[in-house]
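Which chain is which? They are A, B, C and D, in the order written, and residues in each are numbered from 1.
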């Protein structure tokens, strides 16, 4: 089986290539079969491979397809390295990807650019797989930029609207800023280790760098730079809410489940560097904590269904960063997986709603959909519960609780980070259920045109089940103590031990988390269902309005960057449109012309002047010859 | 001899194309196509018949030497190594494209047009092949005049101005190089009485630091203007935007590369110490070029001018890499020369396609073409992505290698150069946005690419992908010549190291030397 | 003649030369310009004679005869040209004949 | 005079006889064609007679002449150029109203003067040669009486030439006065012993420079050039630009080499200033000029400046460079004026830039030839002009005259602009189909077209394969030891 590893990314690439070349000439069914099928077979291979992996329990599978290039000892390959970490990722990518592809065949059915959509989606899946399977950082970088490209293409999928194009470019450029940092990190790594092979770096790094070495910190921070760009974390988070301009399946696949977690993958993959650079790791934790709060507040204020989900994604990835930052590697990855399920589910539900409401995304114009779309309601509710981490029954509870727990009890934990996490959990359940109440309860404001069909609901149901049950593979110590996931991760990522003093009272903290989450639901119920007037009275105060505006605009980051970077750059560029340096050369030319005019005055045509010229010359020559 | 034939075929083909206009108006095109194709096949044959492994010891594959003006020590020396071979392949490939894209675009004086086209190519071929400095200057200038005509006769509205500017800039800088060549000639001659322009012999000239510096600046003048490096770039946007498509493609794809080639071939090995001294400044110029070009590109509204400024930006990488003096950077530079030749050439070709259909280059007049011409859109997308350095395409390998190399030489400048990649994203995406996505203010009918145009575009896409995914054949071909150019620097380094560890290694060396002497005996 | 007379004679030639030169400069009438040039030529001739007599050689006088011949030829062509100009412009003012310039 | 003297002076004698024969024929039977043939034949004969003198060592005809390989080469150059010019003249004069026959007599006489100049070793012969050249030129310049500016040009040239001759003569007189000899050898011998040059002698040299400078049309004695070039008939302009300058330059080189003037920094300074001023003024004056003949006039001023750079190198390589450059420059200039002559019509010469608009479309071959000539003037490879300029630069770099060399480079760039301007005008696409101008029978142009073709081919040949010419020139100087730097 491991000889077929290369097929996993190759199939989506092949599908994409075929769709690019022949897409316009194929029927819709053929396109759908090609697009969904390629990812489906990939998913199948992944599952088989995963089963083999679980039964054989090798350290990793490795396959080199070909040597990419080789220059003076720099020989990156197109080679795949499959260990537990990447297996989890490729499972999520192919499986969730397959469901979303399936869903898309219905969602995009009426779009005239059907083949293009699937070409881009397949390309994305291929690139994303390459990213997580790469055995060296350069190949990872290839996937990294490749998913960026697909993200750009899909955000701007409906290109005729200039705003979509703007959002697409914003996404690409801002992530590129992060990529630049990462590229510099790669330069340093290459300079230090003479290779970009991940495993080599991971084994050699502790020998070359001692803990806290400046270089290690620098590399850690630069990699973090790449990660925050891709994962929509502070300070490069501004592109993600705008990225919702793309079709909803795109948001589900790229901007919720997979691509945006590439940063998490990168940090987890390079954990040795961060182990060697505590400062960088702390920075990861702080970025995560701050981001999850800021994004949570912003999510509270949004009206656009997808934007709420977008901010929520930023916030949840913040949790993952927080986990990585405190050294709870496995917990971070676990949350990634769970999050992929429930966030994809939420987005797909949102997509179903949007489709049913003629592309209406404003929650204020929704309501009462519970009866109209029961399947969507129930699945959405499950997803929301998981996101809000309702205790015991949802998988979100287990993953988030694990993070919160290690944030406090882990060796690098801190009370401040824990408080931030708790606050975030509260806000999360508030905005989640705000969403639920606004959309599904109350009176019906927009008529549902056509309820979603089977192709749409089947993925929803599958994802809903996953959102409920997948948490059970990793249960807390005091709660049946299942550690399948962290056991799987153990060979790849270091484990974490909780503070023994606190560990005794773990149940107390679980209770706090449960209460917080339920409290959030209650608050949402209070404001949005029971007595909206209460909310209105608070909202009408001028301070609250200002705060609302501030949060609504994503804490003013867009305006800040606009004024700080974009406007000056565009201004400068337009100012110098005609190239100031050029005027230097035109000046030279004009000077020569001026001299010409001056000189041609002497050619007056008058004979006497010519005589005078000769006389002057004679005098000059005689003077020189007499003086020298 | 095959080298001479390459040049002769082009020149003779040019004359024939000119004359054949009288017999049949289409004949010049076919003759030109045939001539370039023949050369391309010859070059490919040379490439395939010399596998990388045999390149080992001496980088030179083929050499030809005929006395020309023996009184001055001028010889007609043509020599081919991996670097030249790659450049030739690029030249003839782009040459074929240039003939093909002119098929419909050029309507007047087709005979003379193809004469000029082929002679430009011949001049460029000569530049890439000759190893005699006199001859080098000769070809250097020979390629300019036909180019001048290409711009001046078949260019767009403001062609005269652009043609003048191009000609004056390049000539002025070329003359400075001539001075430097002469200076080198006399210094070398006065040292050992052997007055010659032979590159191989001049390589061994020992120069006083002051003289080396001056002579290096002479050479640099020509190459930096041609490359071009800010602040000597101002001829480029005019020339590129006013030239006919074939002219722009040749300018961007080949002429700029002669500057880079000159840096590699002449400046590096001839003046090893002076270049090391100048390296930080040169790299600074490169970075300034990367960023300045990118900013200017962003603000342009004329599509061809925009692409022209991207060239300024991309060529910044070349000088950055050249002056990093290591194999990574130089391989990057070679890759950049090829990849940029293809990608920017392709962008100009697309601009040409659009101009043919719309008769405007103003991107304000364009928009929404994806719906009308999806094939063109996809191809444009590929090359826009190449121009912003997307991995998987040739430009990425080039830029990454260059940056990896330059990082070893200078961290801060590399950081700024890397930031240039972000700016590249900004201007590149602007092209896609304005031309293919955003709806246009006025609606034009627009035909998608026809078979001939696809025949031009598809090979370029394939090539740029190939370069991005499996560049090894190219890198292997270039390696021996790059090591040759770097030899002087490695010796310098070795010298420095030797000073440090001279005592420890004294014994070892003496053993090595005796070994060397032993090997010498049979010779 | 002793040396000082030689130099005085040379000085005379020089003065003559200068006079001719100045009058070429200040005269506008073409004929007068031609005459002034002739004066300069004759000054040169005089200088030759002085030099010849200084070195007691016939060469100076030979040169003088050459100069005379040449001057005659020149004047003849010159007068013909001046006649032409007068026909065309109805004036002998040299400043008038300044159509070509720039 | 002995019989051998006659043999050595054969070219001069042939020219003299030809002039006389022409006069007699004109008196008897005016016929353009016959005179033309006699002239051409006499040039060819004179040229062929030089082959007898190949590879001779210097033969002195005391005290006036010395016939050495240098002189022979220059005479050959002059004769060849005159022949080419006379070839171009036929069609040009055929369409004029004036009597054409005397033109050829004057042409022969002028050529004779120039030939005399280059073999002179004495002030007397110098003066004679110069004046024969000049007086014939006065008439040649204003030969087309009917044309507007011909007599203005003539009178300007006459007054100024006589004026500068006066300087030359007075300078000679002063030199003679101070040294007591007028032969170059004598002068050289007399001044080698002097530690410093006496004042009178320096003044004399200075005044001679004025005279020579005028003929060479270097700044500040250049002002007549554009007016005379414009006013004179195109073939005569070609003659002034080439033959008359070759003669004067030849004598200048001979004189300087003989007395080794390069020892005196004063003289070098003067020539350096003159050279730089000529380059700059010539090019700047031409920059925006719209009259092609005036452009060529100004360009000739700057080219003389370039030549002086090689001259100032003051060694054998410099003189070789000058000689090579002269050959290249003559081919080019005669070609350029040949084109002008070809395009001229009965009324006026084709001198305005307008006349050349879209020439490529009307007369592609002529345009191509003219383009080649202009590129050669600009010093672009594949043409003789490039090799010439290269030679000069090499001479300059060799002697490390960085100031001059950098001025040369700077000016070459300025110069490019106006050469290219003409080319650009010729290559412009025509707006409307131009009416063809009335022309004579094609057969009349046969000589002109042939000459132009030959010149263009020569231009390219020398540009591509200069080795033969270089070899020839180097041979001259290896067999003339006087010219090896002292």
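FYI, a contact is a pair of C-beta atoms (placed from the backbone, for glycine too) under 8 Å apart; a residue touches a chain by one contact, two chains touch by 3 or more.
Chain by chain, the UniProt names read as follows: A = NADH-quinone oxidoreductase subunit L; B = NADH-quinone oxidoreductase subunit M; D = NADH-quinone oxidoreductase subunit N.
Values in this document were obtained by computation on a predicted structure and should not be read as measured data.
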{"item": "Contact-richer chain pair (by C-beta pairs counted) among A-D and A-C", "value": "A-D"}
{"item": "Approximate Å spacing (C-alpha centroids) for the pair chain A, chain D", "value": "79"}
{"item": "Cα-centroid distance, chain A relative to chain C, in whole angstrom", "value": "97"}
{"item": "Separation of mean Cα positions, chain C and chain B [Å, integer]", "value": "65"}
{"item": "Inter-chain centre distance, chain C versus chain D - centres from mean C-alpha coordinates, in Å", "value": "26"}
{"item": "Chain D residues counted as touching two or more neighbouring chains", "value": "155-156, 159, 163, 226-227, 289, 417"}
{"item": "Shared interface positions of chain C, touching two or more other chains", "value": "24, 30, 33, 94, 97-102"}
{"item": "Chains that touch, pairwise", "value": "A-B, A-C, A-D, B-D, C-D"}
{"item": "Residues on chain A engaged by chain B in the complex (per definition of touch)", "value": "20, 24, 66-72, 74, 78, 116, 138, 141-142, 144-146, 149, 152-153, 156, 159-160, 162, 165, 168-169, 172-173, 176-177, 179-180, 183-184, 186-188, 190-191, 569-570, 572-574, 576-577, 579, 581-582, 584-585"}
{"item": "Residues on chain C engaged by chain D in the complex (per definition of touch)", "value": "6, 10, 13, 17, 20, 24, 30, 33-34, 37-38, 40-41, 43-45, 47-48, 50-52, 54-55, 57, 59-60, 62-63, 66-67, 70, 73-74, 77-78, 81-82, 84-85, 88, 94, 97-102"}
{"item": "Residues on chain D engaged by chain A in the complex (per definition of touch)", "value": "155-156, 159-160, 163-164, 167, 199, 202-203, 205-207, 209-210, 213-214, 219-221, 223-224, 226-227, 265-267, 269-270, 273, 281, 284-285, 287-289, 414, 417"}
{"item": "Complex interface listing, chain A residues touching chain D", "value": "592-593, 595-597, 599-600, 602-603, 605, 607, 609-611, 613-614, 616-618, 620-622, 624-626, 628"}
{"item": "Chain B contact footprint on chain D (complex, rising order)", "value": "360, 375, 380-382, 386, 390, 393-394, 397-398, 405-406, 409, 412-413, 416-417, 420-421, 423-424, 427, 429, 465-467, 470-471, 474"}
